[in-house]
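Note that the chains take the letters A, B, C and D in the order they are written out, and that residue 1 is the start of every chain.
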Amino acid sequence: MKNPPALYLEADNVSPDAFAGKTASQIAELHVYEGNTTSTLGTYFEVNGNAGATAADTKIIVKGDVKKVKYLGFKMSAGELVVEGSTDLYAGGWMTGGTMLVKGNAEAFAATGMKGGELVIEGNAGNYLGAAYRGDWRGMSGGKILVKGNCGSDLGMYMLGGEIVINGNIDVHVMTHAEGGRTIIKGNAKSKVGGQLVDGTIIIFGTLEVMMPGYKYVDDVELEVLGTKATFAHFIGDTGERHKKKKGQIIYGNLYKKI
Amino acid sequence: MGRKKYGSLNTLFHRLIRLKEEYTVATIHVNLISGRSIQQGVAIEGGKEKPAYRTAAGLIELDPSDLKKLGAWKSTNVRVTSDYGSVVVKAIETTQGPHPGLAFIPMGPWANSIVDPNTYSTGMPTFKGTPVKVDVAMKEPVLLGIELVQNLCGVK
Amino acid sequence: MTKTVTDVICPFCGTLCDDLEVVVSDDGKQLLEVYNACVIGTEKFLHSQSKDRVTRPRLHQTDGTWKEVSYDDAVEYTAQLLAKAKKPLMYGWSSTNCEAQSVGNEIAEISRACCDNTAAVCHGTTLIAVQDIGIPSCTLGEIKNRADRIIFWGCNPAHAHPRHMSRYSIFPRGFFTGKGQMSRKMVVVDPRVTDTAKMADVHLQIEQGRDYELLNALRVALNNEWLPDVVAGIPKEKIREVADMMKSGRFGIIFFGMGVTQSLSKNHNIDEAIALTKHLNEFTKFSIMPMRGHYNVTGSGEVFAWQFGFPYSVDLTRGFARYNPGDTSSIDLLVRGEIDAMFTIGSDPGAHFPISAVKQIAKVPSVCIDPHLTPTSGVSKLHVPVAFNGVETGGNCYRMDNVPIDCRKVVEPPEGMLTDEQFLTKVRDRLKQLKGVA
Amino acid sequence: MSEYVIKNGHVFDPVQGIKGDKSDVCIKDGKIVAKAGSGAKVIDAQGKTVMAGAVEVHAHIAGPKVNLGRIYRPEDKLFTCTPTRGMERMGGGNSIPTTFKTGYEYAKMGYTTAMEAAMPPLFSRHVHEEIRDTPIIDEGAFPVFGNNWFVMEYLKNREIENTAAYCAWLLRATKGFAIKVVNPGGTEAWAWGLNCLSVNDPVPYFDITPAEIVKGLIEANEYLGLPHSMHIHPNNLGNPGNYTTTLDTLKIAEGFKAKNTFGREQVMHLTHTQFHSYGGDNWGNFESKAKEVMNYVNAHKNLTVDTGNVTLDETTTMTADGPFEHHLTELNHLKWANCDVELETCAGIVPYIYSPSISVCAIQWAIGLELALMAKDPMRCFITTDHPNAGPFTRYPRVIKWLMSAKARETQINAFKHKDKVLSQTSIGTQDREISLYELAQMTRAGPAKSLGLMNICGGLKPGMDADIAVYNFNPDTPVANPEDIEKAFTRAAVVFKSGVEVVRDGEIVSNGHKRTLWVNAKVKENPQVMRDINEKFLKYYSITQANYEALGHHFVPNPYALEVDATQA
C-alpha cells in the first residue's frame, strides 16, 4: 500500500484467483473501487513480482496499512494470501480453498459463507465470523478458522460444517441456527450461546455468563479437545427448537466452576 | 404562578441542595434505556427548536429508590455519563415504574449523547441497555435540543 | 364558512389512522380543527400552520447564521453535492410519500449513492430477522375481527401508537370478537410498568436485555422441556402459565417494538419471537407484527424492495444494488467514516442517531430536506423546507401491516413552497444534466 | 408513430392459420396493418421466426407477497444484481426479480402481455404501483374472490345477482381484470389454522362448501360476461392423490356455457395443473395422474388450463393458499412468511429447491411436460411455470426446449438421480410428441389471449390487432442440430415490438415502451343492497374506510386500458 484511500477501498480482486497467470504490471491494472469510482490496484499499491500460472501456485503478501481495505481474499479457491497488518470487512469472504493469514485484526464478516480452505487471524476477529450472508440458511459449510485473539458476536451463524477455534474471548451469540460444524472457545463466553441450535458442537474452556434456558444438563464427560484432556459438563439444546434432526450439543469446560 | 414566589422557592430549594451536596457524594449507576414518550411525540411535532421539546425529552426518569440513593430532589438537573458521552438532563420520578436500577430518557439528542453506538454489525445502535452514572449537577443547564447537538458537533 | 375534509390519513405513526376529519377555511388555506386524531396527530396538523415556519431554503453560514436562497439555488447545490461525492448517503424517506421515494431512488441510482431509511434505527433488525426466518403475519383488521390473545412485547402503544389499541388491537368489537376487550387476553412484556403494561392481564417485567432468553424459555415450555427456576427475572411457573395462555387462544398476535429491536441480541430477539409464533401455529393460529414507527417507513422499504430488491441499507456505489447491514447501514457507514456527503429527507438523524454518527454528518457536505427545524437541519450546510406530506400534499403510504393508504391533501402549502416530490424531480433532472444521462 | 415492415420472416399465427409461410408483417400507428407505406422502416427477418408477442396467463410478478419475497430473500440476489445499462434501470433477483428486471426479461423473451395472478383487493394500490414500475409489458391483475366474506355470504343464499354486482364493484375499486379463486374456502379456514382439502369440506362459520363457491362464481362470471372466465387454483394443492379433488372441481363446470362478447369459450380456467395432477397416497408412491386430468380437459371444451412446469431451480413459492405454504414449511423447514388479509384472503411464501436428485421434484418436472404433450387442443393448454412457484418465468425458453425436443427431455431424464422412479411413476418416457412452432404459438399467444378475452387485441398478427410482435433467431427450415439452440433462440428475441414501438433489438432493451394497465369495467344494474352491505362491512369490520379503499388515482394507474362490459341488461 503506497497511497491509502480517502474513504474505503474494495479490493475483491486481491486474491490468488484474480492474480493467477498475471505479471506485476497486469496485476497493477486490476480494478479496485473507492466509493462509486473505479481505479486500478496500481493507484494504491506498489505491485512487485509475478503471479504463478494458477491460483494454487500463487502467493500474495499484502504490506502496509490496509485497515480500510475490504474484500481481501474474496472468493479465493486456492493459493496463499498473507496480510501483514489489519484489514477491514469480508476478509476471506466466500472462500472455498487455499490459506489466508491476517497478522493483525480482521473486521466483521470475515469468512462469510466459507466453503473450504483455512483462515488464520492472529489478532482479533469482528462480528459474524464464518456466518451466513443475510437471509441465507446455508452458512459456513467447510474449512477451518483460527482466531488467536478475541472474537465479536454472531460467530458461525447458520454454520453447517467446518471448524472454528477462538483462543480468546467471545461476544454474544455463537452458532445461532447452526446445523453442523464445531466451534471451540478457549477463553470466556458471555451469553446467548447456541440459541436455536439444531445440530453442531460448541466447546467452551472458559466461563459462560448466562446459559440459554433451552439447554439441559446431561452428565460430565472426559474429552480430549485440541490435545487438552479435561472433564466437561455436557448439555444438550436448544430444546426450544423443533428438532427434526438429532439434538445439537453444547459442551463447555468446567475448570472455572471448580474454583 | 407569580414569578416572585417561584424565585424564592427556588433559592430555598437551591440552598438545600447545596447543603446536601456538601454532605452526600451523590453518584448512582443505572441501566439506561431510551424510547418514545407521548409528550416527546407531541413536542417533536410542535417544533424541536422550542423549549417544550427540552421539557419533554431533556429529562431522565428514575425510580424513586434510585432518586433517593442519588440524594436528589425531584426535578433536579443531573449529569448522566456513559462510556460514550455525557449530558445534563432534569431528573424526574418515573410515572411508569417501579423499575429500580433502570433509567429512561426519551428518544432524542439528550439520550443520544450517551447511548452505546455499537451495532454488533446489524446497523442498529444499542439504544436500550447502556450503563450510565448519574450525578447531581444542579448548576449546569439543560441545553435546547438543536443547541445541544450543535455544541457537541462544534457547529454554530 | 368552513369545509370539512373526511377520511383524512394521519401522517405520524405506522398506525396510519385514516378516519380523521379536518376542518379548513373556505379558501383551503387555513387548517382550523382536527377530529379523531391522537394528541400527536393533532399537533402535527396544527403545527403545519405555525407562523414562525421556515418557507425558503437556507444556506448555513460559518458564523452560524442562515442565508436564504432560492429553490433553484438549492437544487443546484444538492445536485452538485451528489454529483461530486464518491460515497453519498441518502438517508430518511420515512416521512414522505412513495412517489417522492421513487424519484429519490432514481437520484440514488444516477449518483450511485448509499440509500437507507429510518428502519436503520427502528425495525431494521426486524427485517434482518425476517430474512433469516420469515414472518407469519396478518392485517390489522384480522386482529380486530379475530384475535383473542394480544401480546405487546417491548412496545408501548399507549405512548408510541396512541390509537392502536382502540382501533385495532384491544377494544374494537370485530366479527368474531363481539365482546371487544372482554374477548381478549392482554400480555405485556416490558422492563418498565408502562402505561400499556398497567392495562394488561399479565405483565412480565423482564430483566432488560434478556428478551432472547425469555422467548426461548417460552418455546421450551411449548415443548414441555426442563426450565431453570427463573429466566430473565421471570419465574418458570409464570412462563409456563403464559405459554399455556398463548396456546389456548383461537387467534393470537405478538406486537413488538423498539424494546426488542434495540436491546442486546437485536435481530435475534425478533428471530426467536418469530420462531415462537411459528411454533404456536402447531397449536393454534398465531401472528406477529412489528409496530412500525414513522408513518411511511414501511412504504420506503416496499419501494426500495421492488426497485432494488432490498428493503433498506442499499449500497449502489458499485453501480448495482448491494445489501448487508453492518456494512451498508447508515450508522456503520457514518461511525466508520465511510461517506463523504450526506443527504437527509423526511427524518431527523441529528436527533435520533448516536452523537458519534451525528458528528460525521456535521463534518461532510450535507443537505437536509425537512419542513421542520431539527438538530439535523441545525448541523447541515443546506436546509430545504418543503410542504408537509399528508397535510399539504397527498401520496401513497404503507401502514405497519403493509396496507397501502393514499394520503390526502387538506390545505395548500405556503405560497411558493415545493413538495418533496417536486424538489427531488428538479434535483433529478439537474443531476441527469451534470452526469450526462438521458 | 413510425411505420415498419418485417420482411421475409417465417410467420406463425394461429389467428390467421399461418403455419410458417414467408410473409411480411406491417405496422402502422401501433397496430398491425395489411400494407405499410413506402417510407416504412424495413426489418429483415430472413431465416427467422415471427410470432405475435407472447401472453403470460398466470404469474406472480407484482404485489405484496411478491415484494415480501424480495424483502426476505436477499440471498436470491447476492452477486447477481445488474447495473444501469442504457435504457435499463438497475435490476436484481433470480426467482423474484425487481419490477424493472421483470419487464425487461419478459420483453427480451418476446412476451408483451402478462397477468398478475393474485391481487389481494385490500392491497390493490400496492399491486398497481409495482405494475406501474414494470416497464414495457401490458399487465392486468386478478383480484381474489374465493374466500371473500361478501361472496361467501351471498352464495350461501345463492344470490348470484348480488355476487355479480359485488364482483363488478370490486373489479372497479381495484382496477382488476378477472375473478380469481384460490383454494376456495380453505384460505378462510386457514385464518383459524384449518383448511378445506375437498370441494365438500364446509368452510368454518360461513356454512358453505368450496363447490358452492366455485359454482356460484362461474355463474356470476357468466352473468357479467367478463372477458376472462373464473380462474381457479383448486383445493388440496400439492398433495399426493389430489387429482380426484381436481376432477371434482372441473366437474363443477359441466353444463355451463361461456356467455360473453369477447370470443372466450371456456367457463373455467384451471391454473398450474401440474400441482393438481398427483396420484399415490404418500411421497413414496407419489405418481403422475396427468393422463386422467388431461383426458377430462381434452373432452370438455368449456375448460382451459395452464401447465405450471417445474424448471428444476431454486425458487420462492408464493400463493394465496396460506395453509399449503404452512404445510410446505413444515416439510422443508425453510423460512415461512404469511399474511392473512381481513375479509378477503391470505398469502404465504416459502423458498423451495426443486432438486434433480430428489425423485418427487423429478416426477413433478415430468408431470408438467406430460400435461402439455397430452393436450389435444393447444388453444386450451398454455405454458406457464406459475412463476415463481414451479420455477422463474425466465426459464420459459428451457421449458420450450423440453417440449419441442424429445432428445432434450431424454438428456434431462438420464441426468436424474432417480431416473427409474421418474419412468415408473410417469409416462414421460413414452411421450415422443414434439411441440411444433405453430402449436407453441397457440400455447403461448393465441390460446391465452383468447382465454383472457383479448383475442381481438393481442396474441395474433391479424391487421387491426396491437402490433405486439416477436422475431426470433430460429430458422424453421433448418433442422435443430442441438436442442440448446432452441433455448438460446427463445431466451433473447432478435426484435420485439410492443404496440408498434420497437422495444428490443438483438436481445437488448431499446425502449421502455408505453406500458398499459388492463382492467375490466363491468357495468351492472343499480344494486342498493350490495352498496349497503359494502358500506356496513367497512364501518364494522375493515380496518380502513371505504373512501380510502376505493381510491385509485393517476399515480397508481397512469396508463389504464379498460375493457368495457355492459351487464345492465343481464
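Here are some notes:
Note that a residue touches a chain if its C-beta (ideal position, glycine included) is under 8 Å from a C-beta of that chain, and two chains touch if they have at least 3 such contacts.
In this text the structure is predicted, and so the values were computed from the model without any measurement.
Between the chain pairs A-C and B-C, more C-beta pairs are in contact across B-C. Chain C has the Cα centre that lies closest to the mean of all protein Cα atoms in view. Remark: chain C and chain D have CA centroids separated by 35 Å (rounded to whole angstrom). Annotation: 60 Å between the Cα-based centres of chain B and chain D.
Between chain B and chain C, the centres computed from C-alpha atoms are 25 Å apart.
Counting partner chains per residue, chain C shows two or more touched chains at residues 128, 131-133, 264, 316, 318-319, 323-327. Residues of chain D in contact with two or more other chains: 72-76, 335.
Counting partners per residue, chain A has 108-109, 127-128, 133-135, 137, 172 as the residues that reach two or more other chains.
A complete list of chain pairs in contact reads A-B, A-C, A-D, B-C, C-D. Listed in rising order, the residues of chain B touching chain C in the complex are 31, 33, 35-38, 41-42, 44-49, 84-85, 94-99, 102, 104, 107-109, 112-117, 119-129, 145-146, 148-150, 152-156. Across the complex, chain C is touched by residues 6-8, 10, 33-37, 70, 89-90, 108-109, 127-128, 133-135, 137, 158, 172-173, 176-177, 191-192, 195-196, 210-214, 216, 238-242 of chain A. In the complex of the two chains, the chain A residues touching chain D come out as 133-137, 244.
Chain A makes touch with chain B in their complex at residues 108-109, 126-128, 152-154, 171-172. Of all residues in chain D, those touching chain A in their complex are 72-76, 78, 333-335.
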